[in-house]
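Common to both upcoming complexes is subunit A, partnered first by subunit B, then by subunit C.
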Partner chain A sequence: MINFITNFGFSVLRLSTPIIYAALACTVTKKAGLLNMSVEGMMLCAALLGVISSALTQSVLLGVLGAMLAGCLVGALISYVNLVGKSELYLTCIAINLMATGGTTFALYMITGAKGTTFSYLASLAVPTIQIPIIKDIPLLGPILSGHSLLTYLAFLCTALIWWLLFKTRLGLRLRSVGENPHAAESVGISVTRIRTTAYLIAGAVAGLGGAFMSMSYVAWFSRDMVAGRGFIGLSANNIANGSPVVATIFSMLFGMADTVANILQLTDAGIAYFVKMLPYVITIVGMVVMSVFQIRRRKHMKQKAVAAAIQEAAAEKQT
Partner chain B sequence: MKNVRRVEAVFEVLRIVVAFLVAYGLTLLVLVIISEDPAQAIYSFTVGPFTTPRRIGGIIQKAVPLVFTGLGMCFMYSVNRFNLSGEGIFIMSACITTYFALSMQGLGLPKWLYILVLLAIGALVGFVLASIPAIINVKLGANIIVLSIMLNYILLYFTQFVLTRVVRDVGVSYTASYEIPVTARFGELIPRTGIHTGVFVALLFCVVVTVLFKKTSLGFEMRTVGSNPDFAVQIGINAVTTIVLAQALGGALAGVGGSLEQLAMNSRFQWTELTNHGMNGVVVAVLAKKRPQYVILTALLMAYIRQGAQVVSSSTDIPAEFIVLVQGVIILMVAAETFLSKTRNKIIYESALRSTENSNAA
Partner chain C sequence: MKMKKLLALVLSTTLLLSSAACGGPAPAPSEAATDPVTSEPATSADAAAGGVELEGKRVMLALNALGDLSFNDLLYQGLQAIEKTHKLDVEYAEVGTDISTYEGYFFDFVDAGYDYVFLRSGFLDLCKNYAQDYPEMRFIVYDTTPLDVCEQPNVYLYASSTYEAAYLVGIAAAKTSETGVIGFVGGQENPLINDFLCGYIQGALSAKEDIKVCSAFVGNYNDTAKALELANMQIGKNADIIFAACGGASLGVFQACKDAGKLAIGCDSDQYSIYNAKGETDLASVIMTSCLKKIDVSLESIMAHIADGEDIFADSQAASLNLADGVVGIADNENYQKFVSAETQELVKQAEEDIKAGKVEVRSAYFMSQDEIDQLVNSVTP
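Now for the complex of A and B:
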């Protein structure tokens, strides 16, 4: 039983990692006022480039940096087409996702000669796992928290970093002001294009780490479509969190847990497992509905208050 | 003013044509670079799709589902709502169609009625499912793109549940449903081409949707709501109903497409991933300038490119996936407003200058 609990906890952290990265990548652009539908494509490109660059250079660090660079490049392409070319963002993202799915498969086939994975074709490396000295000896918690890939710990560090970036730095303030009201930001001399491009580059780098986790930690090779919708799960986590990196991470872990449960059920009862896999999406839709209802209520309440105040003021004026 | 409008209309078409040519040229260039026998690769890609009857049939086959999802997206675009649920509806209606095709086996229905009922079920599935995100969006203002993408994944996993638990044929080694009876399936129209009788259904829907857009009051209402919702409300159109109805109809089209694809192309339901038909429908609709009368052309165009890619991959060692380059580049260029806009503005400016000179001279 204890074994089961520790294995379960360990899996939750492991499966949450890519979702956390995806959610954080969405959070950064969302704060800048942009819906990032292309995290999926970013992660896929990054996963492939991580494998290629680590195989070529035989360096884990360069592999991960290569993955981040791939994410940034995708981000740069999106922001160029969207901001300079003035295209509709969602259409751009769909195009990028289609290109990423097909493009990575194409590259994979060219490298391996029509095989589904780079396993045994590219000598790519894996990111090392880390045993945390004191924590690993704590019963129950130790085996859950210790022994993860470096990228898993980095994901939580990233949550803090993104929070700090968004709420404690000048760039973060500008980014949020652009997201709240681009025209107002423009009028006080903030370049909306530059801020949004920066947001997309940061999102690309973060999504790149997620891609690197998929192909250099989760498994140590690239296979076609390996991100398998995790980018969209991240998008939903971010959507419920409404732009807060910490809440986004919490929801990512919740969705990671659903993923773990589904994986376990897959072995015993495949039918139910599919319903568990639906959970993140169902939760997101319900969450969006609830949030919208609250927002509408609040707006109505504010309006009533404003009207009441105006009537009072008018009455007061009449008396004098 | 008339002049300006004409220049703009011509330019819209020109932009798409140029974008297509650039993308096509780029693809040829890539083929030349990566192929060991460039001449053969280019020949396979450009002329290859027309070399045998079966390959020509393949173009038609591939165009049929794109016609349905493309028409469906035209509805979404008409009311300016980017409802992407066509993707999930396509696989869902194929799955539900399979279920009903199997469970109605014993009824002994005549072929035409059997198929008609199944297509109607597909349409109903699409109608209901597409209206879910539409209603949430229009009533509560939640983001329709996110809602519909979430719905797509929910539908995908639901179909997988049905596939593994309800309709799965344990007698075959791979994951697939039982075989759909031949009486429920579309037959081959022209022998040895693979062209099936479902083509007529696709053509019929092209005509019906075009007429609906152009000649009916619903079409007018949809366009008005899409282009100017406030004005639409002022002249007494029920905007909420129109917006939801248009999207539900769009979903119904994707649903018919999924049913028809299942009954015409596959004897068993065996999709385990989203099929991208819905997303390609977006491409088709955008290329058709969101007008249903052009959808058949753009669907055939996309199908031709895909068939070309398939010929290339079967006759050389180049994987067919290079084709996404064409698609991606086309959408990016067509979507970018600034692409060719300078030239357009220059021409408009000059024509305006000329007309003022003319009127001054007169």
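Now for the complex of A and C:
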């Protein structure tokens, strides 16, 4: 039983990691007022470039940096097309995702001559796993928390970093103000294009880490379409969280947990497994409805307050 | 327009080809083309000739994409083999998996006027509708289901009885397992993969009555991470040998087995030998054996039948090429010798003979209802 619990907990953390990165990448752009639907494509490109650069340089660090660079490049491409070229954002993102699917396979073929996987063609490296000295000896918790890839721990660190960036720095303040009201931000001299481009570059770097986790940590090779929808799940985690990095991380873990439960249930009852697999998406839909109901209420409430204040003011004016 | 399409096709094939398969000599005048072929299968030209001269005949092979180190690469090997034995003029096209594009490919093939066209099962409907318009051509649809039927006189369908090979693999796994629990990670839950699973379970049960079989499905054939996760779950349930029938995602299963020090079973091609040859000895070392679908052998055997003048096209029902035809089997390699005891090997050999002789009957998932499949799977779930 203990074995089962530790396996389960370990699996949840591992399955959640790429989703957390995806969700954080979406959070940054969401705060700047843009939906980042292309996170899937960012991760896929990053996964490939991570493998290529780590194989070429034989350095894990350069591999991960290569993956982040790939994410940034995709982010730069989107911001150029969307902010300078004034294209429709969603269409751009869809195009980028499709391009990533075909483009990575094409690049794979050009480099290795294979169309399925870099395995046995490129000697790429894996990010090391970390045994945390004291925690690893705690019964039950130790085996769950210790022994993960460095990138898994970095995911949680990233949550804190993104939170700090968004809420404690000047850039974060500008980023949020651009997201809340771009015209107002522009009127006080903030360059909306520059801020949004920055947001996309940061998102690309974070998504790049997610891609690196897929191809340099889970396994040490790239295989075609290996991100397999994890970017989109991260996107929906972020949508429920409504731009909060911490909530996004929590929901990502919830999705990771649903995935784990579905995996386990497959071993006992395949029928229920499919139901559980559906759950994250049901949660997403329900969560978004609840979210927007709250928002509508809040807006109504604020409107009522404003009206009441106006009446009061008018009454006060009358009295004088 | 048609010329343009043809030109584009030829150019793109040339681009993709490494060397051998293209730019061959111009085809000799096709014999089939000069003989008017009636729609009566029994009197078709091939049968009447009592042996067909295949030299210089043009053959097209439509496959998904090369480089999967498995099914498609094997197909290509088969193509190279028949090119050599029968001095054919062979070409291939990578048509992908998007069935909506197949119509274009199909008409490119018929415009080019190949003598023999090997097609993926996705082309079946096109063959049913249009094959009779091209009586001088022969269409061979590989890897269909055994249930498929095509009434056209110039179309041959065949399925591979992989459940028989899976049965042998099941025996080897059940006998070699120390924990009494074995695993199975499939791609999608469809008849094709269920055929492997059902054969595997039947084989395992025949070797060991109280064997437990964990089974799970990735949901696609790409998600290596998911496959790894599922394999880990099964290892957590004490499975010590896992059969990976999930295409490219199988790598995830091998990785999980390597990390946990367990054994894996490959699918379609001899994955141990392939990885070993590629220098990936680490991962190869855990692949105990593979459940072989020797699609290359099937190509050779079909061309041999045609060369002998056998009218294989007369049958409208899909043929099932099985153990007796040598099209499916269990991989015998260094790892098999190393991990599987001599006694078990003997048992597997005996079962193989029994199946060939019809003494043992293995049921195919294609001929089982979903309820029967569920019952079988649930009866061995740990």
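The working rule: the second predicted complex is superposed on the first by the 296 of 320 C-alpha atoms of A that agree within 3 Å, B and C clash if a C-alpha of one lies under 4 Å from a C-alpha of the other, contacts with A are read in each partner's own complex, and residues count from 1 in each chain.
Heads up, the rule we're going with is that a contact is a pair of C-beta atoms (placed from the backbone, for glycine too) under 8 Å apart; a residue touches a chain by one contact, two chains touch by 3 or more.
Keep in mind that what you see is a predicted model, and the values were worked out from it rather than measured.
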Three-chain arrangement built on subunit A, subunit B and subunit C clash or fit: clash
First (subunit B), second (subunit C), both or neither touched by A:Val282: first
Subunit B versus subunit C as contact partner of A:Ser11, first or second or both or neither: second
First (subunit B), second (subunit C), both or neither touched by A:Ser191: neither
Touched partner set for A:Gly113, first subunit B, second subunit C, both or neither: both
Contact breadth on subunit A, by residue count: subunit C or subunit B: B
Touched partner set for A:Ser292, first subunit B, second subunit C, both or neither: first
Subunit B versus subunit C as contact partner of A:Gly85, first or second or both or neither: first
Which superposed partner A:Gln58 touches (first subunit B, second subunit C, both, neither): neither
Subunit A residues contacted in one complex by subunit B, in the other by subunit C: 109, 113-114, 225, 270
Subunit A residues touching subunit C - in the complex, by the definition given at the top: 3-4, 7, 11, 14-15, 18, 109, 112-117, 119-120, 214, 218-219, 221, 223-226, 228, 259-260, 263-264, 266-268, 270
Subunit A contact footprint on subunit C (complex, rising order): 65-69, 189, 214-217, 220, 222-226, 228-230, 232-234, 236-237, 248-249, 251-252, 255, 275, 278-280, 283, 377, 381-382
Residue ranges of subunit A in contact with subunit B within the complex: 35, 37, 81, 84-88, 90-92, 94-99, 101-103, 105-106, 109-110, 113-114, 225, 229, 232, 235-236, 239, 270-271, 274-275, 277-278, 281-282, 284-285, 288-289, 291-293, 295-296
Residues on subunit B engaged by subunit A in the complex (per definition of touch): 34, 82, 136, 140-143, 145-147, 149-151, 153-154, 157-158, 160-161, 164-165, 273, 276, 279, 282-283, 286, 317-319, 321-325, 327-328, 331-332, 335-339
